Structures are given as C-alpha cells and as structure tokens.
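Let me begin by presenting the structure, written as structure tokens, before commenting on it.
Labels A, B, C, D, E, F, G and H are assigned to the chains in the order they are written; within every chain, residues are numbered from 1.
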Amino acid sequence: MKNKTPHCVPDLEREDRIGFAEVIYCQGKTDEQLRTIAVALFASHRNVLASRCNLAQYKVLRKLDERLQYHPEARIAFLHEDKTMYGRGTIAVVSAGTTDIPVAEEAAITAEVMGNRVERHYDIGVAGIHRLLERRDALAKAEVVIAVAGMEGALPSVLGGLLPCPVIAVPTSIGYGASLEGITALLGMLCSCAPGITVVNIDNGFGAGYAAARINRIRR
Amino acid sequence: MKNKTPHCVPDLEREDRIGFAEVIYCQGKTDEQLRTIAVALFASHRNVLASRCNLAQYKVLRKLDERLQYHPEARIAFLHEDKTMYGRGTIAVVSAGTTDIPVAEEAAITAEVMGNRVERHYDIGVAGIHRLLERRDALAKAEVVIAVAGMEGALPSVLGGLLPCPVIAVPTSIGYGASLEGITALLGMLCSCAPGITVVNIDNGFGAGYAAARINRIRR
Amino acid sequence: MKNKTPHCVPDLEREDRIGFAEVIYCQGKTDEQLRTIAVALFASHRNVLASRCNLAQYKVLRKLDERLQYHPEARIAFLHEDKTMYGRGTIAVVSAGTTDIPVAEEAAITAEVMGNRVERHYDIGVAGIHRLLERRDALAKAEVVIAVAGMEGALPSVLGGLLPCPVIAVPTSIGYGASLEGITALLGMLCSCAPGITVVNIDNGFGAGYAAARINRIRR
Amino acid sequence: MKNKTPHCVPDLEREDRIGFAEVIYCQGKTDEQLRTIAVALFASHRNVLASRCNLAQYKVLRKLDERLQYHPEARIAFLHEDKTMYGRGTIAVVSAGTTDIPVAEEAAITAEVMGNRVERHYDIGVAGIHRLLERRDALAKAEVVIAVAGMEGALPSVLGGLLPCPVIAVPTSIGYGASLEGITALLGMLCSCAPGITVVNIDNGFGAGYAAARINRIRR
Amino acid sequence: MKNKTPHCVPDLEREDRIGFAEVIYCQGKTDEQLRTIAVALFASHRNVLASRCNLAQYKVLRKLDERLQYHPEARIAFLHEDKTMYGRGTIAVVSAGTTDIPVAEEAAITAEVMGNRVERHYDIGVAGIHRLLERRDALAKAEVVIAVAGMEGALPSVLGGLLPCPVIAVPTSIGYGASLEGITALLGMLCSCAPGITVVNIDNGFGAGYAAARINRIRR
Amino acid sequence: MKNKTPHCVPDLEREDRIGFAEVIYCQGKTDEQLRTIAVALFASHRNVLASRCNLAQYKVLRKLDERLQYHPEARIAFLHEDKTMYGRGTIAVVSAGTTDIPVAEEAAITAEVMGNRVERHYDIGVAGIHRLLERRDALAKAEVVIAVAGMEGALPSVLGGLLPCPVIAVPTSIGYGASLEGITALLGMLCSCAPGITVVNIDNGFGAGYAAARINRIRR
Amino acid sequence: MKNKTPHCVPDLEREDRIGFAEVIYCQGKTDEQLRTIAVALFASHRNVLASRCNLAQYKVLRKLDERLQYHPEARIAFLHEDKTMYGRGTIAVVSAGTTDIPVAEEAAITAEVMGNRVERHYDIGVAGIHRLLERRDALAKAEVVIAVAGMEGALPSVLGGLLPCPVIAVPTSIGYGASLEGITALLGMLCSCAPGITVVNIDNGFGAGYAAARINRIRR
Amino acid sequence: MKNKTPHCVPDLEREDRIGFAEVIYCQGKTDEQLRTIAVALFASHRNVLASRCNLAQYKVLRKLDERLQYHPEARIAFLHEDKTMYGRGTIAVVSAGTTDIPVAEEAAITAEVMGNRVERHYDIGVAGIHRLLERRDALAKAEVVIAVAGMEGALPSVLGGLLPCPVIAVPTSIGYGASLEGITALLGMLCSCAPGITVVNIDNGFGAGYAAARINRIRR
C-alpha cells in the first residue's frame, strides 16, 4: 500500500498578522498531521486552540503536552497558560436552550483562551421571554453579546432590539424536520429586523468567540 | 382561433358540509370563469369572499352585485350582508411590521365576513418587545390569535409562550435576500419551540382567517 | 478534562401563563440536565410529558418516578395521574398509513395527557378513499381533527373538504427519494386548496396534539 | 452589427423512428428559425404541433399555412388535417381546478392531433371529492388518464387508487408561496402511494398528451 | 411500558378496482403489522409483492409461506404462483450502469409477478453509446421500455428519441456530490427533450414495473 | 372601496435602548405610512436614515424636510445634521467589483450618518490580488472592515487572513446562474476558513454599516 | 442628490499575467464606469471583449471606437483587429438545440477574438442521436470541444464518451419547470459518467470560450 | 433466495475512442461485478484505475493482480506498469487545506497513471495568501493546474487571476453547516470572476485528473 500524505504548511506568522496563533481545525486530519501542526504551535505559543477535536484526537494531542485541557461536548481542546486579559470589556454568551450549550461553550472557551472575560447566560430563550428580560441589565454591560440558538432563531432579534452592543448570532443544528439541520435558524438570523446583528456558520461557536475577541481586543 | 374553455363546476353544497360557501380563488381565472362562479354564489349566499382578486377582477365582479366591497392591498373582495356573529369569542390579528398589514387584513376580513369579532394589533414586532408586552392582557382574552410576520419569524414563538389560546402563524413574503420570499419565515415558524403553534402558507391570510373561524365557530 | 455544563432554567410559571406545564424536549439533553428538569416538574405537577425521549432517557427518568409510562415507537414518556377532562369535545387522530402511526400516537398521547378525549382512525389513506369515506360520520363529530401522513399529503385536503372542524396536518418523514424526508408532505399540506387547514413541523405529533388541546380547551 | 445565427437541423426522419413528426418547441426561437422548421414540416406532414407558442409566433407561422389553428391559453398551434384515429381507446384528461385548464387543454389537443379520442373532465378536484366520485364510471373506461393539478397534488393519488389504467400526472405552476411554482405538486405526485402513476415536468401538458398517445397507439 | 399499536386496514378490494392486489410496503412497518397484512393477502391471492423488504422482514414473512421468494439487492419478496401472462407484449428493462441493477431488478420482478414477459438490457449507458445502439432493434419490439439510470440521466432521452413506445424513466440514487442522492437524475429526466417520457420517484423500480404492467395489460 | 390601513407604532425610545433612532425601512410601505413615521423621527432627531428607499419615496420624504439627502444607486435617504464623531476609529469599506458599489455605499453612508469616519476601497477583488495587497497597510489601521462582494465570495477570507480587526462580510446579489441571486456568495462567506468573519444578509449594506457602528462606538 | 460613485480600478497588467486583457463585464455597470474601463482598454489593446452587454451599453461603447462589433442575441461586443492565430488547433462549439445558440455564439466569438479557429456544430442534440453521430469525425479532430445544452444535459456525456479531447460543458437556462433555470442541466453535466468533462456556470459561454482558449494556447 | 445479477458489459474499445481504458467505478458494485470487469481490463491493459475503491474491494482486486497499488485516503487502486510520458508538460495539483489532500491525491494519481508528470502543492490556501504567492513561479510553468478546496472556494479564483494556463477546480465536501457537503464550494467555484476556470463534481479528484490528462495529452 502506497501512502504519501504530504506535509502540512503551518502558518506560523499568523499571530504577527492577526494577533492570535493559527488554530488547529481537527476534523478530517490524520493523527500525523495533527501532531506536525501541534508540535510547531506548542513550541512557540502558550495559548493554543484545537477545534472540532474528538476524544481520540484529544488523546493524541495530550501526549504532546500534559497541560492540554478538553471540553468533550464542545469538542474543543486548549492550552491556556497565558492568562493576560487582552480584551477591553466582557463578552456575554447567551444560549436559548440547554441543547445549545455545547456550541455556546465552544464560543466561551475560545474567547477566554484568547484573553477575554466571559459571562455565561444559558437556557433563556424567547418562548419564556421573562427569563431573558430579567438578565437585561447584566447583558447591557457587555462589550459584545454572542447569541446561540437552534429552535429559537428569534433570540438575537430580541437581544439586538434591547441592547446597544454588537450581537453575533450563532445558529445551531438542534431541531428536526423543517429546522433543516440549522439552515432555518441561520436564515432567520440573517433576516432579523433588529439592525446590527451579524451571523456565523451553523454550530460555529469557535468563529463567534474569535470574532468577539477581535471586536473586544485593545488595539496597539 | 379555437377557444374551448369548458365550464366550471362550483361546489354549491360546500356550505352544508363545512359551514361556509365556496370561496372564489381569483388568481389565474378568466373573467368568464369568475362570472360563472360568482353568479351562482351571489344567487344563493349573503356573504361571499373572493381572494387574490386584482382590481380589474373586482370590477368584473362588482358589475354582478353593487354591494361587493374591496380591500385593494389585501386584494380581497367580499359581500358582507349577513352580520350574524357565528363565533364564540374574539379573534386577534397581530402583525409584526407595517408591511405585513395587507396579509393581516386579508385574515381579518375573512374572519369578519365568516361571522367573527376581530381585534387588530399591528406593528408590534419583537425587535421592540415592549410594544408587544403592553398588549399582553388584551391578547390573553382572545379565543384565537393570528400572528402575521415576514422578517420577524419570532413573533408567534413569543406569543405562543405568553398566551394560552391557539396561535396561527402566517409567514409573509416581505424581506429580501435570505428571506427567500417568505420561505425563511415559514420554516422558522414551523420550528418554533413554543408548542401549539400551527402554520399556514406564505401570505395566506385568507387561510389563517378561515382556520380561526373554524376554531371559533359555535358547534351545533 | 474540564466539564462545566451549566444548570438549566426550568420555566415553572408556564402553567399559569399558558395552561400546561413545561414539556421536556429530551433530544440532545444530557442525563443530568434531564434529571434537573424532571425533578422540578415531577414535584409540582401530576401530568408531565417528555417528548423525543429514547429508551435510555426513559430509564433515567423512570428512576425518579415509577409511575412514568412510555410509548417506545412514539418515543414519548408521560406521567398521567390527573385524569380530569379539560376539553370540550373529542379530538380525532387520523393516520394515512401504518408507518405514520408512531407520529399519530405522539399526537394522541399528548392530547390525552393534557386532558382530552381522543379517537384514533389509523391506516385510512386516500389511495383507498372508501376507507376514509366510511369514517366520515364519526369524524364529523370531532371538535378538532389531526391528520398524520407522509406519502399521502392529500389526506388533510380531502378531510378539510369534508368536515367543518379545524384540521391540523402533520407531515411525516416516511418515504424516500422525492419525499425529501417529509419536506414534500409538508409543502403539499401547506398548499392544500381546502381552506382552514393548518400545519405543524415534520413528525411533530407532539405539537399537533398540543395545538389541538389549546383549541379544545374550555376557557375559564 | 454582426448576426450569424446558423441554420436549424430539423429531424425529418423522426416520424419513421417514433411514429410522429418533430414538434416545434417555440419558446426562445427567432422568427426566422421558426419559419425554417415550419416550412419543412408543413411540406411533409398533415398534422403538426407547435408548443409554447405565443400569439406573435402563431401569427408568423399562420402566414405559412392558413389552416393552422391556435389555443391561446394553452399556447399551442396545430395543423390537424389527418383525422384518422390511431389510438385503441379513449384518453381522459382530468383537471383539479379551473386554473389548471390551459395545461389540460395542451394535453388534450396534443393527444387529439396525434390521432386519439379525448374526453375532458375539468374542475373536479379532491377538496370536493364527490365531484370526482361521480365521474368514476366514465373514467374507468379510459385507456389512459391524464391528471392535471397544481394545488391539489392529491388528485392522481386518488385516481390511481380508483382506476386500473395508467395515470399520467401533470403538476402545474398554479399556486403561490410554498407551492414553489409547481415544485411542490411535482414532488407530491412523485411520492404518491397509489402505485403505477408516472409524472411529467411542471406545466408539460404537451408531454403528457404525447406519452398518452404512445401508450394508446395501435402497434403495427 | 404501554404499547398500543392499532391494527392495519388492508385494502382487500383493491384487486377488483385496479386489477392487482395491495402490495406490502415494508419499510417502517413492525413485524406484527407485516404479519397482519401478509396473512390476509396470502390467504386470498396467488401472487403477492412485498417491496422495500429487508432480509429480517423477509424471514418474518417467509415463515407464513415457504414459497415466498426474495431478491436481496432489489429488496423485494414475492409469491409468484399464478404464471398466467396478463400482458399484451414485452416490457424491456434497461439499466445504464451495473450499480443501477438492483432498482432495475425491482422493476423487472414487479412486472413479472404481475403477469408480464420481461427482457433485461443492463449496463448499456450513453457514455459508450454503441452498446445501446446495438440493442436498438430488440428494444423497438417492446410494448413499454423502463429506463433505469443514476449518473446517466440522458439514457431515457436517447431511448425516447429512438423508439416509438412509452418510456418510463427511473432515476436512481447512485452517484455522489452534485448527484444529490438521485435528485439530479430525477430533474434531468423530467426535462428531457424527447417527448413522451414519464418519470417515477427515485429508486422506485417497483412503481415503474407497476405502471408498465398497467400499460401492457389487456383490457377486459 | 374599503381601505382601513391602521397606523404605525414608531419605536421612539429605541435611541435610549440601543444608541441610535429607529431607521425607516421603506420597502413595501405606503406613502402615508412613510410620512407618519418620518414626521415623528424628523421632529425628534438630527440624523435619520431611510433604507431601501426608491426615488418616489425619497420625494415624498423630502417634502417633509428639505435637508434630506439621497444616494440613488444605494437607495438610501438620510438626514445628517449632527456631525459629531461617535466612533473610536475608522471603518473601512472594501468592494470587490464596481457592480458591488451600491451596496458598499449603503454601508458607508449608514456608518457615516451614525457618526463614524469611513474610508472607501472599491474595485479591489481577489482575481487581481495585487490591487488588494497594495492597500494592506491602509486597511490594517481600520477598527472594522466591511467587505462587500458578489462574485468574489473569497474577498473576506483573504482580508480575514491578513488583518487583525473584525471583518463584516456583505454578500451581494450580483452575478447570474449558479450565483443564485447572492446565496452562493452568502454561503461561501459563512464557510470562510479565516476565523472571526461575520456575515449579514444579501445586499444588506445597511446592516453591515450599523453593525460596524455598534462595534466602533465609544461606550459611555 | 448626493452621488459619489468612486472610480474603477482596471487591471491593466492582466495581459502580462494571464495572456489576455481584462474583459469588460457590463451587467450592472453604469455608463460612466463602462466608459472609464473601455477608454483604458481601447487605448492599449487591439482585441477587446465586453460580455453581458445590452444594446444601450453597446451604443455607449461604440461611440468610443467605431470598429466595435456586436452580436445582439449573444449580448457580446468586441474589437477584433489583431487576427493572429494564437491557438494550436481548432475549437469546436456544439449546441444541442437552436435556443442554445446565443450562448454557443458567446463562446465561439470569445474564442475567435482571443485568436482561435472555431468550428460551429449547432442543433445536434441527443434526442435525434444520428445528427450527432454524423459529425463524429469532424469533432474528433478538434483540440477542445465546447458543448452547450439546456434541456439535453446528456450532450456532453455522449461527446465525452466518443472523443479523446477535453470537453467543456455549458449548461443553459433554456427550459421551464423542473429545469430550474439551468440548475438541472448544470447538475446533470457535473454528474456525467463520461470522465474528463469540466463545467462552467449556467449561460457562461464567455467562460467556456475563455477556458478553451487557455487550453488551446501555444505556450511561450 | 433468487439472485440473478446479470453480467456487466465492459466498454473495451474505449481506449481506441478516447485514449485511455475504461476506469472501474467501484462504489456500489458487488465483488463479482468488480472481478468480471477487472479480469477483462487487467488482461488487456498495463495501466488500470479503480476509483472510489474501499479497502475490502481493493483486497478483492489485488487477488487478481499482485502489482495493484492502493492509496487508502484517496480510495484509489491502480496498476501502473506503463511509465511512458504521454503528456506535453506538467500538471500541478494544489490543495487549500490538509483535509483536502485525499481528493488532491486522487487527482494526482489519476494523472500520473495516465502518463503525466505531476507536481503537488498542498496546504497553501488563501487565508494565508503568502503561502500561495511564494509558489507563483513554480505554478506558472504548469500546463494545467488542478485546484482542490473545500472551505476556501476562493483558491481557484486567485489562481485563475495569477496564471495563464487552464485551471480545473475541484470542490471538496470538507466543512460543516453552510458548506452543505461541498455544494457551497462547488457553486462558489462556478461563479468565480477569474475567467477560464472550469469545475468538476464535488470530491471528483479522479475527473479532474482525467480532464487534465486530456488537456495535456500530445495529439497524434
């Protein structure tokens, strides 16, 4: 059997260009590819993120550095040794239902590892609107809000109409039938009539956390 | 030129079966077809509805009966001579934005002509949630609520979570881009996590009004 | 391994607002989350529903209360201690084929646990229309009809044209190829030309039963 | 301005191969292209069909042969000089609503010009099922049934379950919103659970008439 | 555990109406439901078809009647005791590739069990057009042609342009990526410019065989 | 003719909640509705935006206040009397092609009227990558970048990989065929592998400008 | 009225990079934008292409250079002063139907203006396969074949199975209903089982001609 | 059990017609079918390709010829005994990410076995554009470039704008959510504004390698 998987080309200058090291997107990578990238990143950085990382891949990576942590539902592995706060304010992560929590956690951990203070507000969807209204004052103090929802695409609309800060909406693939594995939530968030909401890919908690960190980052 | 449009077969026994006369669906019908059906219905009924009726078609029909009324934005023509109340309670029609009003009016007029008391609550979408919360007590008294929304698919979710009565959601084709001419609102309403919401076709105010009338009708 | 699943926020005032306790949507919930919600609900209510509940989840919940019943095909668990009838009339549940029965049962059990009389009419689809016509008199007495169908999207149309009461259509994901996992049945039901039909999400027997209960409920 | 539209290549041997001359598909053709094909066909055949032919195109073609007839709603032009019956039995064309009639007429005229006896049964959709059941005996005598429907995708299912002959279903683009310009009717017909139904493209009355003629044709 | 699966309602008069007994659609049926229907059909018929039947279901059914045969790739079980020929002529079944053969076999066996002579022409797709042209004379003698193809949606077009008889096209779900599990072949067949082709659902060899049998059947 | 368009409910407290007055979404509004909202907003605010405003609607609004300006391609009308800078830094608006400029201008004007410094970089798409690389230093100084592109969905990916700041991607409906009126650009932007990009609805320059202003706003 | 359309950035070095000057994509450009780009290109090149150019735009451009030619159906304007042959061999352009000719002409003219010999073979679709087989020897001599088809997505498959050279498939938007404005032809071509076929966007004759010129070009 | 899988019809003259032997498409084939085709091909050819070949199928084939090689991630088996170079120049295969490598390898091996020199440039996507720009000179020497990308649909656009040769784009199914299993990358590549790019099916590395070999092949 012939097997000639060529080497990867890690983008090690990325931190200079955009302020944070390359992140390891684990899905579909072979163990050898993971190791090649991780060795290079672990050698040069104190904080590293590995997203869409399954348990077996985490175990591969952890052998390279014992300090690597893992959140199994959010499927994110992370090295978090530099605890400096690089962000101006707080990033609030809101989830509509309990089943949206893994995606919300992916966003929260990403933002934390990138040096931000994070506040979690989970299970406060619009079908019981009072739960959300009770948090209004706390949320109004955030620098950025991340709103994670599957069957309640309305959550970012309501937040965008209540709060002055940027709102990043994360649709999740929770649901069945007409939810079309998250497409319905995605489209609904894009059409929100509360202006100033922006959207990331379905289940992309990582992208939302990263975007929030870019927004919150103190400029040099 | 050969032109052999066959005659229509009006379903004149429909009232006996389902409690209201056949409704004229005007779209795509020739003037001759419209006249054939209308003459039969006007002769035998005091209340008649003609939906998706453009202005030219209204003029054709009005020549057959001067009492025929018309709502141009809702594109509905109607004969409303029997003013008996056949419904138990009130039907509330809620619209999210001002651009959703034509569809809301189609629902409201349909319900009225079928013998129901109707209350209108327009332009109270969720991006300014306080406007909706202020109407909560009024809405809680309704027997059925019809929620009409295009860019605010969330409206029925919030209502379904606040009120005990049946909520009929009507998506509208208002919007652009990812709103996909109403498909996004339709899908979002179907996925609502507030239980007990049912949905009709995009822009189908008529169907919502009719369904509400069926629900509200006093049984023999 | 770091695992910080935050707590759920059960909506315990829901019964006051909308007349029935919060329902546990089991899909995607962890055992711990299920237990947290169930303990709160079991403590305060005599009738409880847990939808989309797999066998393992049922076993988790049953340890909390021995009286919990289960329908394995409909994947619904339920506590049904309060047998009071809260509904005015009968809710008829019709299924087109035998493979649609699990969804029909989800609707029927939901309505029963919410305090309604339910009549089942299964396997009477339109490809053998005589089977349906024979039930016409029985169905005409129902307060609400729930029509469950996958490959026979026509069923609610025929029922809507025969009966005076509200018809709630439930598309199922039964079928293959062009049935698009229920999307075809869903769209067909939305386009029905029999007026007054409303539709719920694919396979959402629970939602249909809940909506029927809202319609049938005796108002205070 | 440079304009070098090359000539067409009419398939004049088609009649030998498949039993009927090439049909002129008018949509998108220039007047010059239409004339080139029509001159060749009129010279060699007594029956000719021109489908999707608008009024202006009909006028162009009629100058070539005064006997050319036209059905404006069905947008079909035809020369029908050979009145021999080439078919074994009768082809029944059924339409659900009056707005489906133009497509039904396209099917009926196509079959007639190809030498078949045609019976029309229009406006007998399933929302008033009695209208269809009354025609059952007449329909049972047909060799082939063509069922044309937009908002009542159920029509062919019901017919397929009542009749022993082949049923060709023609979805029409009548409707709005979730009817998706005929896609919903098309998909619904493909998923029909009454076996032995076959389907043609949306609004393709011509194709249905042609297929019915192939089925009904007496073999040499 | 409460389990109240209601009984099925077999349509035993179907043979009188449409000329062949009800067919058992196995997918999604419980063993008990299968047995209920099969016992009724086996008792009253000599030829029976059970489509979409997996191996386990076949074993359940075979216990009821030892003569039951099975084609594992086509997933069809069948009792074929009455060998009378009810058809006028021959039904030709053509497949484009070898991977389309299971669906082609489902069509062929269905037609055979319904009393027709069947000829198989497999693996003669259009990318090597000579293989198809060599069979032209044999195919021209058929009363009906069934064309089964996944990645070669063109097959029915070429056949429809070469042959005078009806052509029933069966798209298969063979392929990947843009083949969209058969949707691309389905749409391509519907748009064929060779007139007189009709189409059935993706992978619906059974429906194609049944429709061919309806066409080929000698009328009383 | 009966015409009872109810009044609008302007959300005049919106500025207190989210920092900028309600914006008039003109599409689908009647002249009377526009006037009602505009009179209320003009009376209480020095800066006002009216998006999706056609020329006729602009003329209606301009009669209410002569200072109202208009950008015809971007279809935005605006009152810009308060020239205070409320933003921290600069918002850069980048367009891929010249045909994307109207949407880019909608974004730019929105941000300006909301009190931000805006820099325009137009016609620098990735098919001629050198044009973009030349602007790199200028872009690196921006606080937020808005990237507007139709046929070059790649633009935000390249920018996201080069720059440290938040990038808001705006898909446009420019293109034909497989561009699906902007859906392709929208999906491509959502899937970008450069992390930290967020997306708004197709052609929603207004939403992007508004979101950028929320990000850039100096907190109290 | 404020109108600040910024200037375009023509990519004048493109010829050095990729061998042919920038092409003007006219759709959506203002007259002023067209003039800016055209003046720059006409000054520095002897051959220039302007695609998707309507008649009014052609007139604007022709005022800048009288030698500019135009093909109205293909909507392409072109300056063709340098008649050098830059290609090795012949490019054959094949169209399935007469209605596909405008797209085929766009491909042919593009290739000619870029310095290639072009042979046209129009109206030889697969529903009359003999017309195509007759051209086989001529086509086998081509260096590249461009196959243009709307309703006969099969054309490239058949060509790819007959010929050794590269085949570029161009789907057209000709058709109706299930042809989905060209999507069906596009998908069918992508799934072709004849290997070595590549595909361009719907109606993109220009792109196919350009790609063929790249393939045919003699390398330095 | 009745099992009558008919024999396959290998197209052994294909090499004469199009210059390379028939390729075995393994997916969905039974072991017996694979053996039948392979025995015929191995007997008459020195180079053979078997695509979409899983490990079990490879083992079946390898028993027929020990020299058969295999690439497990690319799922391609191949006999490569004739090492003659049939191509004029070099084919460059570029991949955006490491997870796109299996598809890229399928393309590379296909081209190699068909007698071409291949250069691999992997993991040089546009989110770190410098990695691609560094390879520009090497890529400019290629006769054809194959660009393989899932989440970076932009890669072929950038290459098409930098290089004079033909670019064949291969979308991959890498990604999640809005990447729609490769549909997004496919559509994005079709809409690229860099002219002269052509596209193959999702994950179809084989087709791209084959097309590149057709382009690169020295003509007789």
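Brief remarks on what is shown
Everything that follows uses one rule, which is that a residue touches a chain if its C-beta (ideal position, glycine included) is under 8 Å from a C-beta of that chain, and two chains touch if they have at least 3 such contacts.
Bear in mind that the values here come from a model prediction, so they are computed numbers and not experimental data.
For chain G, the chain with the farthest CA centroid is C.
For the pair chain E and chain H, the distance between mean C-alpha positions equals 35 Å.
With centres set at the average Cα position, the gap from chain D to chain H is 44 Å. Separation between the centroids of chain E and chain F, computed from CA atoms only, is 56 Å. With touch defined as above, residues shared between interfaces to two or more other chains in chain B number as follows: 14, 25, 97, 127-128, 160-162, 177-179, 183, 186, 190-191, 193, 201. Interface note: chains touch in the pairs A-B, A-C, A-F, A-H, B-C, B-D, B-F, C-D, C-E, D-E, D-G, E-G, E-H, F-G, F-H, G-H. Contact residues on chain B toward chain F in their complex (touch as defined above): 69-73, 97-99, 101, 105, 120, 122-124, 127-128, 130-131, 174, 176-179. Chain B makes touch with chain A in their complex at residues 96-97, 125-129, 133, 151-155, 157-158, 160-162, 175, 177-180, 183-185, 187-188, 190-194. Against chain C, the residues of chain B that register as touching in their complex are 14, 17-19, 23, 25, 89, 143, 160-168, 186, 190-191, 193, 195-201, 206-208, 210-211, 213-215, 217, 219. Chain E makes touch with chain C in their complex at residues 1-9, 11, 13-14, 25, 27-30, 33, 52, 171, 173, 181-183, 186, 201-204.
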